[in-house]
Amino acid sequence: MDRDQLLHALRAVQSGDMSPEAALDCVIRAPFEDIGYANIDHHRLLRNGSNEVIYGAGKTAEQIAGIAARMAAAGSENILITRMDADKAAVVERAVPLFYDPVSRVGVANRVERPLVGSVVVASGGTSDMPVCEEAALTAEALGSRVTRLYDVGVAGLHRLLARLDDLRSARVVIAVAGMEGALASVVGGLVDCPVIAVPTSVGYGASFGGVSALLSMLNACASGVSVVNIDNGFGAGFLANRINRMKGIES
Amino acid sequence: MDRDQLLHALRAVQSGDMSPEAALDCVIRAPFEDIGYANIDHHRLLRNGSNEVIYGAGKTAEQIAGIAARMAAAGSENILITRMDADKAAVVERAVPLFYDPVSRVGVANRVERPLVGSVVVASGGTSDMPVCEEAALTAEALGSRVTRLYDVGVAGLHRLLARLDDLRSARVVIAVAGMEGALASVVGGLVDCPVIAVPTSVGYGASFGGVSALLSMLNACASGVSVVNIDNGFGAGFLANRINRMKGIES
Amino acid sequence: MDRDQLLHALRAVQSGDMSPEAALDCVIRAPFEDIGYANIDHHRLLRNGSNEVIYGAGKTAEQIAGIAARMAAAGSENILITRMDADKAAVVERAVPLFYDPVSRVGVANRVERPLVGSVVVASGGTSDMPVCEEAALTAEALGSRVTRLYDVGVAGLHRLLARLDDLRSARVVIAVAGMEGALASVVGGLVDCPVIAVPTSVGYGASFGGVSALLSMLNACASGVSVVNIDNGFGAGFLANRINRMKGIES
Amino acid sequence: MDRDQLLHALRAVQSGDMSPEAALDCVIRAPFEDIGYANIDHHRLLRNGSNEVIYGAGKTAEQIAGIAARMAAAGSENILITRMDADKAAVVERAVPLFYDPVSRVGVANRVERPLVGSVVVASGGTSDMPVCEEAALTAEALGSRVTRLYDVGVAGLHRLLARLDDLRSARVVIAVAGMEGALASVVGGLVDCPVIAVPTSVGYGASFGGVSALLSMLNACASGVSVVNIDNGFGAGFLANRINRMKGIES
Amino acid sequence: MDRDQLLHALRAVQSGDMSPEAALDCVIRAPFEDIGYANIDHHRLLRNGSNEVIYGAGKTAEQIAGIAARMAAAGSENILITRMDADKAAVVERAVPLFYDPVSRVGVANRVERPLVGSVVVASGGTSDMPVCEEAALTAEALGSRVTRLYDVGVAGLHRLLARLDDLRSARVVIAVAGMEGALASVVGGLVDCPVIAVPTSVGYGASFGGVSALLSMLNACASGVSVVNIDNGFGAGFLANRINRMKGIES
Amino acid sequence: MDRDQLLHALRAVQSGDMSPEAALDCVIRAPFEDIGYANIDHHRLLRNGSNEVIYGAGKTAEQIAGIAARMAAAGSENILITRMDADKAAVVERAVPLFYDPVSRVGVANRVERPLVGSVVVASGGTSDMPVCEEAALTAEALGSRVTRLYDVGVAGLHRLLARLDDLRSARVVIAVAGMEGALASVVGGLVDCPVIAVPTSVGYGASFGGVSALLSMLNACASGVSVVNIDNGFGAGFLANRINRMKGIES
Amino acid sequence: MDRDQLLHALRAVQSGDMSPEAALDCVIRAPFEDIGYANIDHHRLLRNGSNEVIYGAGKTAEQIAGIAARMAAAGSENILITRMDADKAAVVERAVPLFYDPVSRVGVANRVERPLVGSVVVASGGTSDMPVCEEAALTAEALGSRVTRLYDVGVAGLHRLLARLDDLRSARVVIAVAGMEGALASVVGGLVDCPVIAVPTSVGYGASFGGVSALLSMLNACASGVSVVNIDNGFGAGFLANRINRMKGIES
Amino acid sequence: MDRDQLLHALRAVQSGDMSPEAALDCVIRAPFEDIGYANIDHHRLLRNGSNEVIYGAGKTAEQIAGIAARMAAAGSENILITRMDADKAAVVERAVPLFYDPVSRVGVANRVERPLVGSVVVASGGTSDMPVCEEAALTAEALGSRVTRLYDVGVAGLHRLLARLDDLRSARVVIAVAGMEGALASVVGGLVDCPVIAVPTSVGYGASFGGVSALLSMLNACASGVSVVNIDNGFGAGFLANRINRMKGIES
């Protein structure tokens, strides 16, 4: 309920079209549905510009299926479910129509084709980063962005990256995904003039400390225009990239 | 030198308008100027959409003044200098016209008024975060963005933040600056539908560990659409915010 | 044995009602029972106001059963057992009457109904925090407190939390349970005027570092009146909440 | 503005006693005062049961004086200012009547005598912990609690602590302050049946890591009923202790 | 080969009783046996006062059996093997006579009864520390020390520890084993006048960080006379305790 | 394509022997092959002096087999594959001729005998470091270096190391492999006058923190001439050792 | 008051020689003196075999002087004061006779010559470790041990250490002091058959992390018989070394 | 004394040319000079191929001067002194002829011109890394290597680095110096076929953690042939680079 709606309601009270009690109820009523183990936020589309996303890691298959079904029943489309193992997906798809990608463990319930617009590039340091890359790419696609994938273009072989400069430079936003030393973010950041979202991955061993090395590298990227999301957070990068990609121009 | 320019040069070689040696020189000639202690990157505006920025912390006043003077001589305007102490600024302003803000330690050499466009909101948790906030705000303004400041709206008194919802929701990008527990990023992220750039600050003591607490909070923000820059990196946030703010719409 | 009891014993020695040796024995006799692998503290109820609690994680099922049985034999009721896996519970319930909750892995041996008093609110950031929440809630209930559960009210959707303000503000003590960025503690702390016990959880991935992110956030909570227990320590929060909830007023 | 006030206002709109615009203004009007560098929260006493507290560390003397003067002008008494160096205090006391303690760096502006009630015990491991102890004690006293100080009763000489058992056991809440290994919290926690607030201090060297050692000890305290605040956060402990100390009994 | 032996050999060369080549061989000949995957140090008994100990964790059962058999063949008795899983022990005992304790995973090959002397006390915080305690106790016993076990005497119930003061004070050396907050070392250190060896254990969860909390506590123990070994290093503590226990008095 | 080749191509354009478009293609054509999940770098031998190496940890058996087959088809010999589990090796050897060592998990596809030259010594602290040692040794051998193995010569028994001084001092480069406290690097560094490559291993427990203890020791080695690679990175050490070992003398 | 004294007192009560109140007073009377800022533990000599030691770091000069004067007045000799800066020492020596060493910042008040017995060796890695070494050596000497200093015998030049083998092997206890990589403890531990106390120092830079590198090395020392004290804790090592050095033999 | 010298001495004993006592003295005589606070290692040139280097950070000016003077008196030339502040240098140059560079704080006592050979390249990310770079370059030069400096060629402007490819590729060894994200090491490693020594610097702020970020990046460098030295350890890199640069070819 925004300012205008509130003023509208107050005027209805003034005019007698609404009782004070009804207005009170209207003001404090929460735009969500409590199903016991979760409060489903049906109005997030209005408030945040996108549906609530289901984080699958800490939930049972039954809980995921329940939430997705309730959201689908309320009319939501392209409901994203992240970090959902294949066996959970098998349960969920009995409750709702489900697209599922086992590499990234991303699911999209009630998937509906939509035109993909703009240009998001997902670049990765190595083949092992693919699950995180695909989480980012599938997220951005589910939300309506066109995605170009540039995989295995790590900085140890710069020519592989430089050969794709045209792709990089035509992007509206680049997602740079890398583990180990995470240098890709700095190098890409120096080559483009659009926002770069860096995603550190847990790929590596020893002093990579589960992604900490890449995370610190990216936070300290010497190139400007780079920001960072959590380790392995392909979803977060894809979500933000879509938001940036779909920005309108400034009205003059 | 991009693909088109290269093809153009090659054709000039073919037509005899350019010698192979000249073309070679052209291909490998670096678009920067080596002044001994620094390689000034005069083409960054073309490549990255903005001038090189001078990081003042590790340089002597003389080095800063030298770089700025050379850039000014090459025609650069609104040259940003960050983390420059007041005594260094006093030296630099003898070499180039300089705007200097002692709170954020930001300098702008060869400053030129330009119209400010769009809408960047800088929100902060507390009064102590002001130096970082101002670094962000002055950076974005120097690069051409209109900035609204919402200071001291930390989550311990939510009503202060909620009272400014209109400002928040009219932003094209929000910079959320907070130390201590850094919760501001999550809360703001849940209230808006534009990109949120989170800046952890080193404000705090004990287990804030110089900003680590806020940094981790922001990386783990439960709201979507949030990305993070380095601790106290107001410049980076302002730079990226300007880049996002000034995005054009997708051409159809 | 407190000061009064000691003086009483000494007077009995003076009067000849007790031999010095008996008094010595009385002074140094430990109010516990050594059963080989454990020293059961039968007087903790007197000294600390509650029974000894059995930490199940590092003990064999047989050890747990042995300790519980000995305590039950000594008359203890509502004996709490924490972090006990289901297969251990199956062994223990052959030795003592046992209530067992598989979500929180809490057991209560020799459970006896008692009136629940006061008001403890357990609020959580997300569905995945439920095991810790339930450990807290069941502990407080086993010790005699009335508990209200507010689950999945994380700060990314503030309206869900604000809709339950009446519940929050009627609490005598609030337990705020959250993983990831742990912002719930700060936000709740700013909304209530009772003590808030913050419980960081290990829910999350990457830079949540098994709960460290939430722990640091909570220790740095900008709201006053908040204190923190160990990561995932629902038991500790429930125990302390019950102690605070059941406090008597100051005698004038 | 709570539920009842809101219903009251809505009824005034219905009855024509208040215009919709005035009601709107009333609903969204923030109960704070924006003085440029700070948003003073005048309603915190109502919402949180105590005044806003001024964190002096990151503010200039002029900012502190300005905030305190504005609060005093609005009628606040016993305004706490923490982490204020002596030279800042000298500036502040020219603006408002000020009590100042240089050991703890605590100031109380507009100080008014009030009866001290209940019983808070502040126990410390060593003489070096005194600044933190006094911050806790002065805070609790400023908020109306009676405080007993037990300093230098560390666990390396248990008899010093055991000799004060009567004091400890008569407390309604104990604040245990210790650096180095922080064992005091566990030992005290095993001796009393009231809530224990543990405050790790940065006293120590080497592997004390500025208080981390004591912090971890206290979070892992094997005694129940213990919770922890930030390193050196005497204020937070004193604030919470007062809140617990002044609790009313459960109404039957 | 010590100084005297070397002088002796050199004189034999001078007298012609030994050839230079033989003396050279004697000087540089290593007192160990190379069996491919290990260099068995047969002279460690002379040099360090005890046999080489076999660290079982990183070796295959065959390697352990091979080393133990070779040492037994060379006449070693009471050969300690640490961190050997039960299935490895089953293999080893086919090669050498083996005593094996599954709780501590300690093995003793070629075990021979010997008189136990002096007094080592092993005190532990809780039942869950038993594997580490037994590793310490069995090690000290295998090396010839008499050991008294005081288990589950953690500081949350001080009376359990104080009741065993006689045992503690009659020790020549105390091993204090504790996880979680590790306060036992400080408390014991304050009660005795003999060396205390502190062993942090990985018992605990959350902010115990696999024993780091206890380790830091013990390194910062406020009592004097305490030193620390690695987390879970019962063997190291038992070995050192035996060495201290068996010290001779100073010859006058 | 290096400078000379580029000049050559440009001259061909000038002479009409090559079209501008062909030259352009030549300049920007990437010397790699994109097979979907990987960009195979066929020219690395020219640029870096060795083939691309396949990091097996994050790839499926099918991906490894595909890359190796493609490289073999392009004529590569002695293709190194690291961190490949035995079951993956079983799949790969159906696609290419494969040598596989299960201890180090190193594979060499299309292995061809070549003369081994120079002298690389691999020294290790203990038997448990063998997998890392063998990864280093097999890598150096696959690349053409002669390797001497000195295993189990840790500093706790210096005589074992000193007995092999001749071997150490005849090396052109030494690889020092050690876990736990990693002191071997410092001691070896003090004994030789050739480069020492230190490899920390994750062997150990407790405060070895998965190799961090050895890593820090080696970075702080008080002997000069020592550099360090990642924890357990036997491959990196072997690769670099081979590069150093095979260096030519300075041409005068 | 020990068991025998207690029994004695109880018998005096029985015989009427002591009133119950006097006995009570005797039992609970703390053997310390409360001087406001400190509880001086006059009975520590009886209980722990040595006087209380004054930790000078966190105390004012006046507090140190006050405690030392009170202890001297009570008859204590050789009162150790550690981490006392020279300007504090200047104040203290006006209150009590004081020996002061500016290198180690150790003071000894009321110093009295006593015969030094046994043999403690203090070995150090480098010249920069001298302050910690001297703290250890002066402590041990003040407590009655004979000390031999072997400085600058780090492992990068083993021959310097091996040349002093006779000194090392004649020790009853060795204190090994080293910063940087801390390898000295392992090497010394492999050469002697007496207890080794390792003291990590904060000497170094970068990845020495203020002594953490040396601390971890020493905790992971591969030699047996080594235990560790806090970083830079020369006092603790000297205290413990004296305790071990002065041990009596086992009575048969 | 090596094997041959020992055999020679033994034969002299056999032949009567040397007494056993003289031979003994010869075997155990340490090739160093004890001047109280230091053991000067005069034979390190023989054993390690270079003089002992004086680490100036933890020593007084007088100690440095004393050691350098003694070394000079013993005939050493080009004696390196690192981390020596200018005021110490002023003292030292009164004792020995001294070259001193205030940027890197490197001194060279008894400096003698020598021909510089081979090719070491020192490349750095930014101007602020210059002190570390110069420490590396001056060290390598003092030891006889020819050095090329490529400063301010960080990866945010790749063209600056690529323009110097000829320099990079003509090197026998490259030292890559970088702070912040340390990506330079990976990028350089991918461009050259010689050994790369990476030096992380403490340049940066926030999450650079004093060089930890760059250190981790470099340890995880995805390019092969890279090894790492301690943070800011320009000396170590220069020393090792010289050792590698001056390697002779393999004798066939």
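Note that the chains take the letters A, B, C, D, E, F, G and H in the order they are written out, and that residue 1 is the start of every chain.
Everything that follows uses one rule, which is that a contact is a pair of C-beta atoms (placed from the backbone, for glycine too) under 8 Å apart; a residue touches a chain by one contact, two chains touch by 3 or more.
As the structure is a prediction and not an experimental result, all values here were calculated from the model.
Trainee: In this assembly, which chains make contact with chain E and also with chain H?
Mentor: Looking at chain H and chain E together, the chains touching each of them are F, G.
Trainee: Using the contact definition stated above, find the chains touching both chain C and chain H.
Mentor: Touches both chain C and chain H: A, B, E, G.
Trainee: Considering F-H alongside A-C, which chain pair is linked by more C-beta pairs in contact?
Mentor: Looking at A-C and F-H side by side, F-H shows more C-beta contacts.
Trainee: Would you kindly say which chain has the C-alpha centre located farthest from the C-alpha centre of chain H?
Mentor: C
Trainee: So, comparing C-alpha centroids, which chain is the farthest one from chain A?
Mentor: The most distant chain relative to chain A turns out to be G.
Trainee: Which integer distance in Å separates the CA centroid of chain D from that of chain G?
Mentor: 38
Trainee: If you average the CA atoms of chain A and of chain H, how many Å lie between those two points?
Mentor: About 49 Å separates the centre of chain A from that of chain H.
Trainee: Two or more other chains in contact with one residue: find those residues in chain D.
Mentor: 3, 28, 126, 157, 190-191, 206-208, 212, 215, 219-220, 223-224, 230-231
Trainee: Go through the chains and record each pair that touches.
Mentor: Between chains, contact exists in these pairs: A-B, A-C, A-D, A-F, A-H, B-C, B-D, B-F, B-H, C-D, C-E, C-G, D-E, D-G, E-F, E-G, E-H, F-G, F-H, G-H.
Trainee: Can you list the residues on chain G that touch chain H in the complex?
Mentor: Going by the criterion above, the answer is residues 126-130, 151-153, 157, 159-160, 162-163, 203, 205-208.
Trainee: What part of chain C is in contact with chain D in the complex they form?
Mentor: Listed in rising order, the residues of chain C that touch chain D are 3, 47-50, 53, 117-118, 166, 172, 190-195, 197, 215, 219-220, 223-231, 235-237, 239-240, 243-250.
Trainee: Going by the contact rule set out above, which residues of chain G touch chain D in the complex?
Mentor: Those in contact with chain D are residues 28-32, 37-39, 41, 43-44, 55, 57-59, 63, 83, 200, 202, 210-212, 215, 230-233.
Trainee: Which chain H residues qualify as touching chain A in the complex?
Mentor: 125-126, 154-158, 180-183, 185-187, 189-191, 204, 206-209, 212-214, 216-224
Trainee: Show me the residue ranges of chain E that touch chain H in the complex, using the header's touch definition.
Mentor: The contact residues of chain E facing chain H are 3, 6-7, 10-11, 13-14, 16, 19-21, 23-24, 27-28.
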